[in-house]
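So, here's a batch of structures to check.
Paired with chain B in one complex and with chain C in the other, chain A is shared by the two complexes that follow.
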Partner chain A sequence: MPTITIDGKNYQAEEQENLLSVCLTAGINLPYFCWHPAMGSVGACRQCAVIEYKNTDDKHGRLVMSCMTQVREGGIYSVDATRARQFRGGIIENLMTNHPHDCPVCEEGGECHLQDMTEMSGHTMRRFRGRKRTHRNQYLGPFINHEMNRCIACYRCTRFYRDYAGGTDLQPLARNNQVYFGRHEDGLLENGFSGNLVEVCPTGVFTDKTFSKHFVRKWDLQSAPSVCEHCAVGCNTAPGARAPGNGKDPILRRVVNLYNRDINGYFLCDRGRFGYDYVNSEKRIKNVLVACEKNIISSTAAPGERIHGEIHPEPAVKHLARHLAEVQQGRRRLIGIGSPRSSLENNFALRELVGKNNFFSGLSARDLQLLQLVDRTQRDARIHCPTTPEIESADAILILGEDIDNTAPRVALAVRQAARNRQKRQAQQLQIPLWQDASVRQLRVEASPIFFIGLEKPRLADITSATLLGTPEQTALFADSIAQLILGDDTGARKLAPDCRAQVEQVANTLRQAENPLIISGCGSRSSDIIHCAGKIAATLADTSSSPCSLYLACPEVNSLGLTQFFPAGEGDLEQLAHTLEIHSGTPCTLIVLENDLYRRADRHTVERIFNSADAVILIDTLLNNTARHADLIFPAAATAESQGTYINSQGTAQRFYAVCEGASYIQESWRWLVDAANFCKQKSPQLATIAAWRHSMDLSEALAANFHQFEVLEKIGPDENYRLNGLKIARQSHRYSGRTALGAKAQVAELPPHPDPDAPMTFSMEGIQSPAMTPLSAHIWSPGWNSNQSIIKFQQEINGHRLGVRGSVPIRRQPQPLPEWQLAASVPAKTSKTLTAVPLYRLFGSGELSVGAAAIASVTDIPFAQISREDAQRLDVTAGDIGQLQLGGESHTVEIRISDAQPPGTVGVPSGLPGLETLAALLPAPAQLERRSDREPGETP
Partner chain B sequence: MIASQLRSMWLVFRHLFRRNATVQYPEEKPYLAPRYRGRIVLTRDPDGEERCVACNLCAAACPPDCIALQKTEDEDGRWRPAWFRINFSRCIMCGLCEDACPTYAIQLTPDFEMCEYDRQNMVYEKEDLLISGPGKYHDYSFYRIAGKAVAGKKKGEAEQESKPVEIKSLNL
Partner chain C sequence: MSSTFEAEVIAVMEQNKAGEDIHKASLSDAEKAEIEREFAHYEDKASVGLEALRIVQKHRGWVSDESLRAVSAYLDIPVAQLESVATYFQLIFRQPVGREVILLCKSASCWIMGCAHLQKKIQEKLRIKPGEITADGLFTLLETPCLGDCDNAPVMMINGEMHRHLTEATVDEILDNKIKTHRAKGSCHAGPDTD
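Showing the complex of A and B:
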């Protein structure tokens, strides 16, 4: 470790580190623009200049760019030297000559790195009297606003967008003083990580358009650590909320990234960043709804559907309590249906209320089996669930049948970084430090081996060494022969077509030779064979190298793996529920559906069987959906940002999220509705008395820890509500939070005390600990002089290290179990002339159930479509753009026909969960028929 | 002792012949300088448009936190407060909001006569605050200087701005 001297003080620096990182780690405020902790240095902005002295006799020294200077043993530097300060002041003055001076009307104002650095460099008055260079803006879609005049040409945006995220449609255009960062023409930024430009851009060129619609300054947002609920990666987020001052504005205003080294680092995908707006959607359930006894005109509602009206919560909860009382007297059955998108606490509360045997997963048998297989595979001692930095350092990656670009986007971004590992190794051999970003990227080295075997050509295709496209069955076949080849057995491979065989052999050889191979698969193909194969390959690789092999299995939803822990193999699916309900049809039955739309989970027939056998359906949910149409009573459930709980992500990591704000109107956590009902019961069984005694979210976490050995870690991942730091709670609001005595003054001029938080040691006010350095529970990332999110470097143990303080995410402890015995069954593809196999396709915008409720995401979501191969199109006599009728599982849907060369013949790709086709999600893969619609009326759109 | 009392009586007696300092308020109003810090108003720019751009700086500067507002963006591209509220029952007339305002929108006026029987009436909304004139600063218009394009002022038309760069030309 070299010892260096900065302004007369000695510091220990990491070997080969650049001086800027060392200064920032040491807490020295040194301005910079183009350097980014995840992207290294390019020395473009000249802002981080310092003086380097030859030796102690050298009194003059020379100016160097600290981000481009490697520290050397005994190096003497000065950040404070007048010459360095003047130089930095001059640079910022030059950068500001063209600045439009529109901070008051800039969304970045108050969290702007340019503002911070200008202040830091001491430039206050504009001396330049010339004219400002100006640019026209572009329309970049519904997510990102473009204001090009604010640009300081640091190149961070294109370095992130093109080099880091693999986008192609954002470019530096024109030259010298006129350089322009934009697209070749107006249009939506295509890359699924475009939202990060908002945080990457040090000024206000790229700002969050959805946030701007209900904009408030950063200091006016209250925040708490949360977890993104839009996929199973479990990225950490810091949602920002502010109470409306007119009763109409939304409470939740935006989502920004919250650094977690092991999961999301500095970046979120666009679904996670912009999907928050579902909370403010028109479909949001805010009050208790009850089915009205009015007649419904049959043309507007299907049989069995109800219309609802608002009621006060008290009679509704009493109604539920009456059902609970009848259950205790044995006059009624109570069935609970859980949800993979609800927290462990909510699912557990329902399970305790209805009893273990009456609790069902709310998933079809196929989905639950897939998840149980994922769980079982991860339990094998030879399998290791990799963190994001581990994915980034893998030297060979095989992606099996999982469209991670759309089902686990943050993992795809990590895979993209792994493609550079050979380049990085070459750089190390040439003694080029890895932070020398431009130099390392210039090295002409073959990309690290990344193989994709799956259905649809991935966005990652530009970095994959080989892409094998095929049906899920073919994928399993390829994967199985790879597993065999690793063991030296080529019987499987010999059956493949020669070109496939060569590729399969290449994959097997590369994986066998890799030091740090990684297999990625998941539930996306809805094929257990593929997961079995992935497990088999990983286990075989682990056997040959005698160390655990990394295997990332992507789950479909935020708490899928958590929900799975409640059910032993072969129990708890919806088909089973339909069956049991029909057997015990004698006693009346109340069905409590927890945050779940059953029509997305199982086929219509099974769901209708369930609804027909239940004589009361009670739904607790956030958004109105198809299930809500059949509910007798609907309770409003809190969204993730409004509640506290725990999610288990695909890696098996338990993460606690905290309420950022209180839900509007009568919204509260689902478990609280159940506890309220239990409290209204006069006679309480011991079980009901336990439930009625729950007051805090942590009571449930503790009960979970006591009941399930997997969840013992839940007690450790965050303090309970009695925790105090220096005798204080942690403040959700910043110390600059404004309008405290005016915000609610229209309704009532007397100030009311802030809402108490019964669940977390946090306040819904400015009172308490506000420093993110003191506790990771503080999500308001701010440091004096560092108002932007760049201040996160102040709260890391070292640059790119863990966040200071106790980590809030811990892997759950599962009993180790070896992989199940399994052999790939020879598949016999049954084909009739007109039958195709419908296979699921995934879309970043559209496949997420909640995120499509966000207005901006809904505006870019595709229309219902079905994708077929060119061969099938000829056979069916359809052309691209035709309107077709898709027959699947007894349902018929109007779709636009699309033709793709990559679509395997004999299959039809159906977008999973896309609005309009959401009921098909549970059926895929399944035989389907597609034909051109002949009865299309003029002017009709699909 | 006696001397002191006599001196006091003499002083009081002398005051009988002094001019009255008390003004017959409210019939007679004292002179207040134009920069007196009294009731707060929101002003308009010389073109008659609202000056407030809802930047929130006044709210951030306000020591008793008695200002709250919500930004909205109109079709003309201008930022405006959708609502703007000052709780005068909390206001301490310190004038920091005026200092903080980058557009001269918020100004304090020489009016302090704000008495209400009901405290709720001390809560002023935008329609109560907005006046039709420019207040103390007659000529200033934020959007003429700042680079943001609004209706009637395209890119490159603000003060000290050159014409927008044509990206696709050679720009030699």
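Showing the complex of A and C:
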């Protein structure tokens, strides 16, 4: 560890580190623009200049760029020297000659790195009186604003978008004073990580367009640590909310990244960043709705569908309480249906209310089995669930049948970094430090081996060493031969055609020789064989190397793995529920559906059997959906950003999220509706009495910890509502939060006390602990002089290290269980000339149930389509763009026919969860028929 | 394990980034042949981008959006990346230019030797500003930092041909000659030629 001197003080520095990182780690405020903790240095902006002295006799020294200077033992530097300060001031002054004077109307203002650095460099007067160069801005889609006049040409945007995220449509154009960062022509930025430009850009060139629609300054946002609910990766987010001040409901205004080293680091995907807006959507349930008794003339409701009107919550809760009372008297059955998109706490509350035998997962048998298999696989001691930095350091990766670009996007971004590991190793051999970004990227080295086998050509195809496309059955066969070959058994491989055999051999050899091999798979193909094979390969590799092998299994939804923990193998699926209900048809039955649209989970027949057997359907949910049409009573549920709870991500990590704001109207956490009903019950069984006594979210977390050994860790994630720091709770609002009296003035001129929070160690107020350095429970990342998100470096143990303080993410403790013996069944896919097999395709925008409720995402979501191979298109006599009729599982849908050379013949790709086709997702893969029709437009309901 | 594995169905796609649906604007056979000759000089296809743009410009006078897309499809590099190259180099024309492109040197030597007067002369004679095309489509005037011929200042280059020790009179004569030649060929009222 070299010892260096900066302005007369000694510091210990990491070997090979650059001087800028060392200064920032030491807490020295040194301005910079182009350096980024995840992307290293390129020395483009010249802002971080310092003086380096040859030795103690050297009184003059020379200017060096600290980001490009490797520290050396005994090095003497000065940040404070007048010459260095003047130089840095000059750089800012030069940048400012073209930067507009628009801070008051710029959406970056108040969290602008350029503002911070300008202040820091002491450049407070403008001397330049000439004309500023002006640019025309581009339309970049519904997510990102473009204001090129503000650009300071630091190149961070293209370094992130092109070099880090693999985008190809954002480039530096022109040169000199005219440098322009944009697309070839107007249009949506194609890369799924484009939203990070908002945070990567040190000034206001790229800003969040969805935020613009309800913009307020950063300091006026109320925030708390949250977890993204749009996939199972579990990225940490800091959503921001604020009431509009006109007496209307509070608005969830934006989502920004919240640093978590092991999961999302500095970056989110666009579904996660822009999907928040579903909370403000018109489909949001804000009041208690009850089905009307009488028919309404000219209603568009189909037979069996209900029409609803708003009622006050009290009679509704009393109604539910009456049902609970009848249950206790044995005159009624109560069935609870949980949800993989609701918290552990909500699911647990419902399970306790209905009893574990009456609690069902809300998933089809196929889905639940897949998840239980994932859970079982992860319990094997030979399997290791990798963190994001571990994925990034894998030296050989095999992706089996999982379209991670669309099902676990943040993992795909990590895989993209892993492709550079050979290049990085070469750099180390050449003594080039890894932060020398441009130098390392210039090295012409073969990409690290990444193999993809799946249905659709992935975005990652530009960095994979081989992309193999095939049906799920073929993927499983291929994977099985790899597992065999690693063990030295080539019977499987010998049956393959020569080119496939060569591929299998190459993959097996590469994995066997790798030091950190990584297998990635998941539920995306909806094939248990593929997950079995992935587990088998990982276990085999672990056996041969006698250390656990990394296996990432992507789950479909935010709490899929958490929900799975409630059900023993073979229990809790919807088909079973339909069966049970029909057997016990004598007793009246109330069905409580928790945050779940059953039509997305099972075939229409099963769902209708369930609804027909229940004489009362009660739904607690956030958005109106198909299930809501059949509900007698609908309670408004809090969205993630309005509630507290725990999610278990695909890695098996439990993460607590906290309410950012209170839900509008009567919205509250689902479990509170159940507790309210229990409280209205006069006669309480001991079980009901326990439920009625729950007051805080942490009461449920503690009960979960006491009831399930895997959830014991829940007690330790984050403190409870009684936690105080220096006698204070943590403030959700910044110390500059404005207008707290005025905001509510429309309703009441007096300043009321802040809304009480019974759940969290936080307040909906400015009073309390403001410093993110004191606790990671503060999501308001801010430090004096550092108003932008760059201030996160102030709260890390070291640059790119863990966040200071107790971690809010802890792996759940599951009983280790070795993988069961398993053999791939010989399957001969029956092929008839007319039938195609429908297989799921995934889309970043469209496949997420909640995120398509966000207006911006809905505007770029595809129309219903079905994708077939050229061969099948010829056979069916259809051409691309034809309107077709897709028959699947007794349903018929109008779709646009698309043709892809990559689609395996005999299959038809159906976008999973896409609006209009959402009821098909649970049926895939399944036999299907497709034929041309020309009398309807796509998207029109048949 | 099943022996019905159909290897031909698993398509082995080895790093073929050519998208299926990219609109294929076409390059002429001559252009393709010239571009292919350049492949030998570079490590990969993407590096040929600049040369390919020069070749296309040689044949078509300038690089239109369609030409840019055609080169992008032919070389299998993103159109934005090619645009980045095209807009970096001043002498890749992304707008139509006249038949004669005048590059007037504005370096220090030429400035001392009075290039400002020459520029005024040219602008008045042709009635164009730098970057514009004359109404008859004959001339485009561009300023350039240095043509590397300082000992013969002031200088200008017209379609690759150097003109040295310029005076207002010689400029007049050179331009008149050009106009005369084009009138003789009957091409001066054709407007900007883009083929």
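Rule of thumb we're sticking to: the second predicted complex is superposed on the first by the 925 of 942 C-alpha atoms of A that agree within 3 Å, B and C clash if a C-alpha of one lies under 4 Å from a C-alpha of the other, contacts with A are read in each partner's own complex, and residues count from 1 in each chain.
We adopt the following convention: a contact is a pair of C-beta atoms (placed from the backbone, for glycine too) under 8 Å apart; a residue touches a chain by one contact, two chains touch by 3 or more.
Here the structure is a predicted model, which means the values were calculated and not measured.
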Which superposed partner A:P100 touches (first chain B, second chain C, both, neither): first
Contacts of A:C549 with chain B and chain C, given as first, second, both or neither: neither
Which of chain B and chain C A:A174 touches, first, second, both or neither: both
Chain B versus chain C as contact partner of A:V749, first or second or both or neither: first
Which superposed partner A:V593 touches (first chain B, second chain C, both, neither): neither
Partner chain in contact with A:D901 - chain B first, chain C second, else both or neither: second
Partner chain(s) touched by A:R136 [first = chain B, second = chain C, both, neither]: first
Chain B and chain C footprints on chain A, overlapping residues: 173-175, 180
Chain C-touching residues of chain A, taken from the complex the two chains share: 168-175, 180, 183-185, 444, 457, 461-462, 464, 466-471, 474, 477-478, 480-481, 491-492, 495-500, 503, 824, 826-829, 900-902, 904-906
Residues on chain C engaged by chain A in the complex (per definition of touch): 1-15, 17, 20, 43, 65, 68, 78-81, 83-84, 87-88
In the complex, chain B residues that touch chain A: 53, 55-57, 59-60, 62, 64-71, 73, 78-79, 82-83, 85-87, 89-90, 102-103, 119-120, 122-123, 125, 142, 145-149, 155-156, 158, 160-165, 167, 171
Sites on chain A touched by chain B in the complex: 99-106, 109-110, 129-137, 147, 149-150, 173-175, 178, 180, 182, 212, 214-217, 219-220, 244-246, 249, 736-743, 745-746, 748-750
